[in-house]
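Can you read through this structure? Questions will come right after.
For clarity, chains are labelled A, B, C and D in written order, and residue numbers in each chain start from 1.
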Amino acid sequence: MPSFRIASLASSGLARSFTTTARRLEIRDVSELPNRIVPNYKNSPTSSLLSLEWPSPPRNVLIVPKLYAPLVISSAVEFAKHIHSEYPNLHLIFEQRIASTIHDSLPFPIYSSDPTHFPTKIDLVATLGGDGTILRAASLFSLHASVPPILSFSMGTLGFLGEWKFEEYKRAWREVYMSGSRVGVSDLQGPHTQAATNGWNDGGNDAVGTREGWATIRGKNMGTTRASKILLRHRLKVGVYDENGANINAHLMPTSTAALTQPLHPVPPEIKELSNTGEPVVPDLHAINELVIHRGPNPHLAIVDVYVGNRFLTEAVADGILISTPTGSTAYSLSAGGTIIHPLTKTMLLTPICARTLSFRHLCLPLNKKVVLKVSKKNRGRELEVSIDGKRRAGVTIGMEIRVTGEVVGQVGDDDTWTGGVPCVIRSSGQGDEGDDDDGWVGGLNERLKFNYPVG
Amino acid sequence: MPSFRIASLASSGLARSFTTTARRLEIRDVSELPNRIVPNYKNSPTSSLLSLEWPSPPRNVLIVPKLYAPLVISSAVEFAKHIHSEYPNLHLIFEQRIASTIHDSLPFPIYSSDPTHFPTKIDLVATLGGDGTILRAASLFSLHASVPPILSFSMGTLGFLGEWKFEEYKRAWREVYMSGSRVGVSDLQGPHTQAATNGWNDGGNDAVGTREGWATIRGKNMGTTRASKILLRHRLKVGVYDENGANINAHLMPTSTAALTQPLHPVPPEIKELSNTGEPVVPDLHAINELVIHRGPNPHLAIVDVYVGNRFLTEAVADGILISTPTGSTAYSLSAGGTIIHPLTKTMLLTPICARTLSFRHLCLPLNKKVVLKVSKKNRGRELEVSIDGKRRAGVTIGMEIRVTGEVVGQVGDDDTWTGGVPCVIRSSGQGDEGDDDDGWVGGLNERLKFNYPVG
Amino acid sequence: MPSFRIASLASSGLARSFTTTARRLEIRDVSELPNRIVPNYKNSPTSSLLSLEWPSPPRNVLIVPKLYAPLVISSAVEFAKHIHSEYPNLHLIFEQRIASTIHDSLPFPIYSSDPTHFPTKIDLVATLGGDGTILRAASLFSLHASVPPILSFSMGTLGFLGEWKFEEYKRAWREVYMSGSRVGVSDLQGPHTQAATNGWNDGGNDAVGTREGWATIRGKNMGTTRASKILLRHRLKVGVYDENGANINAHLMPTSTAALTQPLHPVPPEIKELSNTGEPVVPDLHAINELVIHRGPNPHLAIVDVYVGNRFLTEAVADGILISTPTGSTAYSLSAGGTIIHPLTKTMLLTPICARTLSFRHLCLPLNKKVVLKVSKKNRGRELEVSIDGKRRAGVTIGMEIRVTGEVVGQVGDDDTWTGGVPCVIRSSGQGDEGDDDDGWVGGLNERLKFNYPVG
Amino acid sequence: MPSFRIASLASSGLARSFTTTARRLEIRDVSELPNRIVPNYKNSPTSSLLSLEWPSPPRNVLIVPKLYAPLVISSAVEFAKHIHSEYPNLHLIFEQRIASTIHDSLPFPIYSSDPTHFPTKIDLVATLGGDGTILRAASLFSLHASVPPILSFSMGTLGFLGEWKFEEYKRAWREVYMSGSRVGVSDLQGPHTQAATNGWNDGGNDAVGTREGWATIRGKNMGTTRASKILLRHRLKVGVYDENGANINAHLMPTSTAALTQPLHPVPPEIKELSNTGEPVVPDLHAINELVIHRGPNPHLAIVDVYVGNRFLTEAVADGILISTPTGSTAYSLSAGGTIIHPLTKTMLLTPICARTLSFRHLCLPLNKKVVLKVSKKNRGRELEVSIDGKRRAGVTIGMEIRVTGEVVGQVGDDDTWTGGVPCVIRSSGQGDEGDDDDGWVGGLNERLKFNYPVG
C-alpha cells in the first residue's frame, strides 16, 4: 500500500508532507486537504425526507468514535481499513485525541487538526457510538450554518438518534457514498474487492472529483435513482449576552469534550462577518438537542425572566429552564415532562425543570420565534449554569441573558446552497424500496423509549 | 325607518320580497343575498400575522351571539342597530333560532336560512359570547375550506379565543370593515354620528369593489396602510370511515347546537366534487379545537389502534384519545396534560385521555402527517363516541376508523384565492402602531390561563 | 358419589332438601348453610402483613369465576372438584348466574342464592379471573364492614391485584384452609389423594371449631406456626345524598354485574341499625378501588365543589373527580396522573380527571378525613355519573352530594372481632420462610405496571 | 430595668456571670440556663391536632430570625423587647451570628452558644421569616428526637409553613406561653399593659412548674381549657453509609447556614448511645422537608439503585431522587411533579427528579418502610450531592448508600415523654372556638399555592 499512498499524495498536491518523518506521514494536517464538497438535498413528493445528492464523490471523511471505549476504537479501525481498501482516494480524519490513539493501528496516513478546520474541509461524518457521540460530532460544527451529512452507527446499546447497526457498515457506507451519483450499483450487498480503474467527470466548485470516481467502484450498481434519505434535524441558534448586551459567545467554553480544557477554538476568519457597525459578527452557537439554564450546584432555586417575541412571558422560579429542538424532545425535555415532538415539526419547546408553581406547563413555539432568558436580579446564588447539548458552556450572572431562536434551514444565496440543520443519513431497509418514507421515528418511540408500553 | 328599508330593498334588487307580509319582510332568506366577497391576506415582513385586505367592502355579516343568554342577545341587538345605522348597506344575518328571537327588536329586515347557504354568502362573522360561541360559528363552515374572517367579542367572563371586549365594538367594527381599503380614516376613536348618504356599488358575485363604498363612510380615515391583523388558525380535516373503508361523514350529526336535532345539513351542490371513480367526494369535517374519541358512558376503557403516517404507533387503552390543533392545545388537551402550543406552530398534538400505562406521553406531529384512529376488536363496550370541538358527532364501533390530518392553508389555484384556516381578527391596540406584532397569545396565557401563576 | 352426598346432607342437618328433585339437590339455598366463621388476624413484629387464624376450619366457600369466559369456568369446575374430593365437608357457593351454568358439570350439590345472604354465610372467597373479578367479588360485600378473606387466582394475563397462579391452586388452598390451625402439615407440595374419613364438629352459628376438623386432613403438616399472610386492603365508605341531605344509598344500582338489572339487593335486616332519630341507618357503600364522579356522556365539563374536613377546598371543573384507595392508586387514578400508593399506607387520594386548570394537583389525605363532592349549581348538563369500582351506581344532579371517608379497620367491640378492609391472601413463596415480609407490591410495579421501564 | 436584671440573675443562680464585663453580661452562654421543659401533647377526640400542655411555664426561648434581612432583625428586636417586658423571667436565646448583631439593640442580657447546647436547653422556638427560616430552626435539632414547639411568624411574603402574621405576635405569644396552664385568661385580645410584679418559682432542671408562674401574669385569662393547637410534622431519619456499610453521618456538613463553614457540631455526649457491639450509635439526621440525591454540577445523569423494604425496586437514571415527608410534598417534590400530601398522613413520598424514562411515577410508601438509595457503579460522574431540607450535606460516590425511614412519633419510655416530629403551633382564629379543627392546610393550598386557580 505505501506506493499507492505516495501516488495519492502527489496527485492531491500534498506531496510536501511526504518528505517528513514516518510519524508526520501518519497524522497529517487537515488544512492540507482539498476543500469541502457541499451536497444537495432534493425534496421528494412522496416523502418528507430529503434525498442526498453529491455533485462529486465525497473525499474527506471525519470518523468520530465514542471516547474512552476501547471496543468502539477497534470498530473504528476496522471501518477505516475497509474504507481505505475499497475507496482508496478518500482521506480519513480523526479528532486529535483519537488520532494519536489510533494511528499506530492503521497502515496508512490519517488526518487530524484542531477542530477549527473541520467545517471547511469535512465532506461527510461517520460516528460510532451512542447519542452522545452524535452530539459531540455535531458540536464540532456548532459555530457553522452548514453541517456535513452524518452517518451514525450505534454500537451495543441502542441510542435514540443512532441509525445504523455497525454490522451494516459496508452497505451503509456504499449507499451514502454513491448517493445521487446516477451510477448504477448492482451488488449492494456483495463484496467490493476490486479497486476503481476509470477516472470520472466532475465539474463542481474546485472539486477534482469526476463522475468516474464513482464509476470506478465496479459492481456497485445501486439503480440510478437510488439515494440516501436525509432527515434534516433542526438546530437552535444561541447567543449569550453580558449585562451590557454584548455577545460573549466567543468567550464560552468549547463544546467538544475531546478538548475539554482548551478555550473555545477561535472562530476561523472565513466565517467572521462584519455587522452594520463594522464590528465582526460573533457567530451563534447551535444546539441540536437543547439549551439549558440550571441552578447547577447552587442549592437555591434559579430565577429567570422569560421573554417570547419581545414580550415578557413569565418569571420562572425553578431548577432550570430548557429550550429544546424537536430532536431534543426525547432527551432532557422528556425527563422534565415535555412533549415528544416529531423531528420534522417546525417548533421549539420551552420546558421548565422543576418549576416551583403548579401552573408552568411546557410550551411549543414556532421555530422562528425569539426567546430570551434573562437572569433575574432576584437570584440569590452566584451564577447559573448554561449548557448546550449536555455540555456546560458558561456560568451566567445577574443581568446576563441568553437569546435563542430556530436556525433558518433551506436553500439560500445565488447558488442555492443548502444551509442549516444537521443532515442525518436515515437507515434504509436495503430493499431498494423507492417510496419508503420511514423516518424511523415511530420505531424509535416503541423500541427505544418504550412508548406506551403495555401494562399487565 | 320603514321608508329607508323599502328604498334599500328596491335599490338592492330584492324588491320582490317587498310584497310579502311584514313578517316576511323582517326575516329574509340568505339565498337572496349577493355572493360572498373573499378577502386577501397579505404577509408582512415584520409580523407573523396576516393583513386583511377586502377587494371591496363586505356586505353580508353573520352575527352569532351566545345561545340562551338574554344579556348577550341584547348586546347583539345593540350591535346590529349600530351597524345598520352607520353602515346602512350591510345585510345582517342570524341563525334561524336567533333570528326568530331577535327580529322583533330590530326595526329593519334581517336575513336567515338553513346554515347550508352561509358558506357561499357570508363575508364576515361577528361573534358575541365566549369560546364556545366562536367554536359554534366556525362549525357553520366546518365542511368548507374557506371560512370568512371572524371578529369575536367576549361578553363578561373572558374566554381564551375571544379577542375584543364588547365595549370596543364600534372601533373594532370600523377597523375590520375598512381593512385594506386604502381609504384614509381620520377619527378612528371618535364618535361616528353622521350616517353615510350615498349608496355604493354592490355588484353581486363579481363585485367590482369600488373604493366609493368605503369613501362614503365619512370621517373614517384610518391611515392608508392600516389593516386588521389576522391570525389564521389551523384546522384538522377529519373523515370517519366504516368497517368497509367507506367515508360516512355525510351521515354524521350536525355540528351546530343551533340545530341540534336536525340531520347534518346536506352538502351544497357546489362543493360536491367527483372523485377519480366518478363518485361524489365526501367533504371533510374540520375541527378548530380537536377531534376526540372517548368511551363516553361506557364504563370500560376504550381501545384504539393509532397509526401515524401509515405506521402502527400504538394500541391506546384509555378513556379516549384526542388530536388537537395548536388552538385546541389550551382546551381539552390542556386538561388531559398536553403541551400548550402557539397557534402559528404547524403541528398537531396527539394527547391520550387517562391512558392506562405509565408511558403514554403526548406527541406533536407535523401538521401534514396522517393519523388514523381505529376502533380495536378488543373493545368490550358497544361503541365509542366521536366529538369535534366538543360536539358529539358519531358513535363508532369495532373496525371503524377516523382519519385526521392538517388542512392545507395558503393561496391555491389560478386566482391565488386563500383557502384553509379560520381567519380571526386580532385585537389591535388602537394606537395605530404599524409594526405591532402582538398576537395576544402571551397575554392570554397569563391573564386567562394563569400560566405559571406565582406561589406564596 | 350420590351416597356420600346424602350422608353429608343428613349429617349436616340439611336433610329436608333431600326430598326435593335432583335439580333442587344440586343447587341448594345458601340460607341453609351454617353461619359464617370469622377469622382472626394477628399482627407480626417482623411483617406489616397480618397472619390469618381460623378459630375453626372454614366451611362455606364462595367461588367467583370471571364472567363470560368459558376457559375460566372450566378451571372453576376443576377447582371445585379438587376441593370437594380432598376437603369433603366444605360447601361450595356460586353466584346464581354461574351456578346455573356450572351445576351440570359438578357431581355434587352446590349452593347459591341472591347475594344478600353471602355476608352472613361466606367464610372464604376464591376468585378466578383478573382484577375485575376480584372487584366483583368484593362488591358482593360492599354494604358490609366484614369481608371474608379472598384468595385470588389470576388466569392467563396477570392482573395487578391477583395473587396466585391458577396452577398453584392445590398448595394455595391448603395453605389458606389450614392457616393458623396449629396442625402440622408435612407435605405441602405433595399429592393429597387420601380423602378425610372423619366428620368434624360443624356447630352452626357459634361453631366450637374443634381442631379435629383440620387434624383429619391427613398428611398435611405445615409446621405449627405456618399461617397465610393477609394484606388488609383499605376501603372507602361512600354515601350519596340528595338535595335535602337524605342518604339515597338504598336506591342505588347494585354493584355486581352478575345481577346488573336487579335493583340493589335489599339490606338484610341484621345490618339495619337505628339512628338516633329512630330511623334505620342506611348502610354505606364500600369502594376497594375508587369512587368516581364523571361527566359521562355529557359533552360539557362537570363542575363539582370539593370539601375536605368541612372546609371548602375548590370548585373542580373537569371530566370528573375520583377518590381512590391506595389499592385503586394503580387503577383509574394512575391513568389520570395520580401517584402510586403502597396499599398499607393510610391515605386516600383525590385525583382530578382532566381538570380545566393548570394547577389542580392530585392530593393525598389521611384516611380518616371526610371529603364531600357536591354537584355545583353551575352544571349545564343534566346529570353526572357516579361509579364505584368501575360500575355505574347513580346519576347525580345539581345539589346532590357524595360523602366519602376511609373505613375504620381493626378490632372493635367487646369480642375484639376484626372489622373493615378486604383481607387478601398474599402469595407465599412456598419455602416456609417465616420472616418473609413480601407483600408483592414491588414485584407488581415492575412486572405488571412496567414501572420505570428502562429506555434504550 | 438594670436592677431587675441583676436580681433575676442572682435568683437564678447565674450570679457568677455578673462580675464579668458588660459585654459578657449581654451575651451569656446557653449552658448556664436551666434544663429544658418538655411539654405534653394531648389528643383530642374532635381534632386531629394535638393540644400543647406545659407542665410548668417555658423559660428558655430561642428566637430565630431570617438571615441577612435587616427588617426582620428589627422585628426580632421588637419581639424580644415585648417578651422581656411582659414575661420578665424568660431567657432569650439567639444563634451566635444573630446574637452578635442584635445584642447592642437590647437593654438586657441575651443567651447564645454553639447550637450543640440547644436541644437540652430550649423550651420553645420562635421563628421570624419564611419557610427557609423554619427549616433552619428545625435543622438545629436535626440530630435529636425531641424538638421543642415552634411558633412561626411569617414576615412579608407568606410562606407555606409559616403560621402567624407578625402583627399578631402578642396574642400568639401569650396563647402558646399559657397553653395548658389551666389559668384563666380574660383579655386575650386586649392590651397587656400591666407587667407581672412577682417573680416565680424557677426551679432549675426538674422544674416543679408551679401554677404561680402563670398566675402572676395578671389579666391573662384564657379560659381554663384553652390550649395551643399543635401540628406534629413528620420527619425522616437519614443515615449516610460508605462503601463498607459504615455510617458517616458524623462527618457530614452542618445543616445550619448560620454556621455554614463549621464542621458538623459534635454530637453532645448525652445523646451518644452505645449499640449492641459497644460502639457509640451514630445519630440519625432528620429531614422535615426531604432528602435529595442529585447530580448537582455533574453534567451526566445520576444513576441510583432504589430499594424498598429490602427489595430492589428500580435503577433510577435521573437528575436525582427525593424522598419527602408530607410537609415537604409542597416543596421540591411538588416542583418535580409529586403529589400534595396532607401533613398528618403517615407516608413518605419518593419522587424522581427528571427521570429518563416515560414510566417513573412518584410513589407513596408507609412511613415505617425502609428505603435505600445506593449510588450505582454505572455512574460516570465523580460524585452525587446529598441534601437535606435544601442544604448540601455530603457528596456521595459509587457504592455509598443513603438509608431513609420515617421517624417514630408518639409517647415512649416509662415516663411517656413525647418524642419525634416537629411540633408546630397552629394559628388559632382567636375566637376561642373550642372545637375548631382547622389545620390551615386547605387555606394554604388556596392562598399560597394557588391550588386549582380558576382559568378565564
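Going forward, a residue touches a chain if its C-beta (ideal position, glycine included) is under 8 Å from a C-beta of that chain, and two chains touch if they have at least 3 such contacts.
This structure is a prediction, so every number in the text was calculated from the model and none was measured.
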Chains touching both subunit B and subunit C, listed by label: A, D
Per Cα centroids, the chain farthest from subunit C: A
Distance between chain centroids, defined by C-alpha means - subunit B, subunit D (Å): 59
Centroid distance [mean C-alpha coordinates] between subunit B and subunit A, Å: 44
Approximate Å spacing (C-alpha centroids) for the pair subunit A, subunit D: 53
Touching two or more other chains - residue numbers and ranges from subunit A: 334, 355-361, 449-451, 453-455
Residues of subunit A defined as touching subunit C within the complex: 157-160, 357-361, 448-450, 453-456
Subunit B residues touching subunit A - in the complex, by the definition given at the top: 48, 308-309, 311-317, 326, 329, 334, 338-342, 344-347, 349, 352, 355-366, 368-369, 437-438, 442-443, 445-446, 449-455
Of all residues in subunit D, those that touch subunit A in their complex: 296-297, 299-300, 318-319, 332, 334-337, 353-359, 385, 387, 390-392, 449-451, 453
